[in-house]
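Mind having a look at this structure? Questions to follow.
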Amino acid sequence: MNRVAIPAQGVFRTRLRTRFAETDLQGVVHHSVYFVYFEQARVEYFKHLGFDFWQLRRDGDLDITVVEAYCKYLAPARFDDELEIAVWTSQVRRARFTIEYSIYRGDTPIAWGQTVQAAIDPRTGRPRPIPDVMRRVLTAQLSDSGLSLI
Amino acid sequence: MNRVAIPAQGVFRTRLRTRFAETDLQGVVHHSVYFVYFEQARVEYFKHLGFDFWQLRRDGDLDITVVEAYCKYLAPARFDDELEIAVWTSQVRRARFTIEYSIYRGDTPIAWGQTVQAAIDPRTGRPRPIPDVMRRVLTAQLSDSGLSLI
Amino acid sequence: MNRVAIPAQGVFRTRLRTRFAETDLQGVVHHSVYFVYFEQARVEYFKHLGFDFWQLRRDGDLDITVVEAYCKYLAPARFDDELEIAVWTSQVRRARFTIEYSIYRGDTPIAWGQTVQAAIDPRTGRPRPIPDVMRRVLTAQLSDSGLSLI
Amino acid sequence: MNRVAIPAQGVFRTRLRTRFAETDLQGVVHHSVYFVYFEQARVEYFKHLGFDFWQLRRDGDLDITVVEAYCKYLAPARFDDELEIAVWTSQVRRARFTIEYSIYRGDTPIAWGQTVQAAIDPRTGRPRPIPDVMRRVLTAQLSDSGLSLI
């Protein structure tokens, strides 16, 4: 797979610039950093959907935590690259949901990934159902790249 | 899957202690850091097998790069945890190979993951066959947890 | 010192948003991350001055490396804070120069710091004089907060 | 200063191995990572002195936070280097104390640094006096390299 099928709808896009500290001695962005990029895109996507991390914690006594993470690296990102990240929801269940990501530099696909998130109680770490409003919004956003691996 | 089947043979084990800087505001080790732990285990496993990163580069004009990475998070690691990482080879092909990892804190499974590595020319980034000696050694080490996802 | 005197002129400003992965279990941005913020501000300041990292390397066979770094932490930055970084040149010598930084969240001073950079030959790591054009531009930018520690 | 005077007594020593992910495109350990090394050495030094991070938090409602940090880089650390860190206490005051660090690779001095720590209330972030037992133990450890910068 060197092509990434981005869904036709329900896709949020954001941009970031790679940092010097994120590179490694092979001259490229270290592979672990892509998960930080995914997270950054997810945070902005969630804000766009009206979810606020701090408010969820305060009002709902709720933390969202990553329970699975996958990345396929297609071409290296380098220092000072401007990257575009497309992000969408591909699955919503009672207590977890899957977000997908495609990273591009111009027309060049750089990476594709998925993360599965679960809702937990911040004090006990125990799983909780996703709040109704969050499930409704995410379900309305559902898109499918047909590529789901996890 | 909350149990991880570690193969009966061909498994290398190493230990590390989690760092303060690796935690996040949820009070646990950030999910991106597990890929750094996997890498650290892989580096020590490779040394154990007789591969030296710097010598491969000098003699063979060869870099090994991660082309896929997956982690399933089973229980949170916290600051100052002593973790054991089991690492083994689960697949070897002409130009890539798969390494698997299980992280434990005592008897508690913390995470399970896989990374796929490819051999590349360090100057061009182009794929190259894995050197014969490396393929022979890795093939002799092949183990199978029966869990491969990637 | 809880007030930071930013010079009246020669100051470049940039903004960034703190990331979840940058926080630690005390719920604040980890102190080591401020040096990454300083670097990010320095990269953008240098671009603004017309210096290009990649071109310096290609044309001048030159790397810039940090030889001293200091940060004073005034108030904690938290997840999803929007920070403003003021950056200026406070000293230029034959082979090294000092950049200063003030980080703010709105009107609240968050941190103040300095880094000293040296020019080196990328192959040998040996010190080299700063290129003339760079010294001229930096010297024309000289500002003084009167706070220099290093 | 390319020599570092380590005090004759009161010095704790620990070792660590640099990680691949800690390097940058200049082929050396990124300068921000040295503060993570300092922290790791400080954590082990504190354990050696009988302080336990988690217990301080539980029993004393106390967090220790870094309020100033300085590093002088003397020679680059590279991937897979085994480093020795010498760590000692150089100043103790009512609400803060200074720790110093020297990093070596064999006989080669790699870096020297200082951090100033303050005691705070973990809920409010407000400064608090250092607990008596901690001040007594640190004061008994006092050493002086004669190099203090901060």
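Labels for the chains are A, B, C and D, by order of writing; each one numbers its residues from 1.
By our rule, a residue touches a chain if its C-beta (ideal position, glycine included) is under 8 Å from a C-beta of that chain, and two chains touch if they have at least 3 such contacts.
Note that the coordinates shown come from a computational prediction; the quantities given were computed from them, not determined experimentally.
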Of A-B and A-C, pair with higher C-beta contact tally: A-B
Greatest separation from chain A - chain, by CA centre: D
Distance between the centres, which are taken as Cα means, of chain C and chain B, whole angstrom: 35
Gap in Å, rounded to a whole number, between the CA centres of chain B and chain A: 23
Gap in Å, rounded to a whole number, between the CA centres of chain C and chain A: 30
Touching two or more other chains - residues of chain C: 20-21, 32, 36, 39, 79
Touch list for chain D against partner chain A, complex: 20-21, 23-25, 27-28, 30, 32, 78-79
Of chain A, residues touching chain B in the complex: 26, 31-33, 35-36, 39, 63, 65-73, 76, 122, 125, 149-150
Contact set on chain C toward chain A in their complex: 19-21, 36, 39-40, 43, 53-54, 79-80
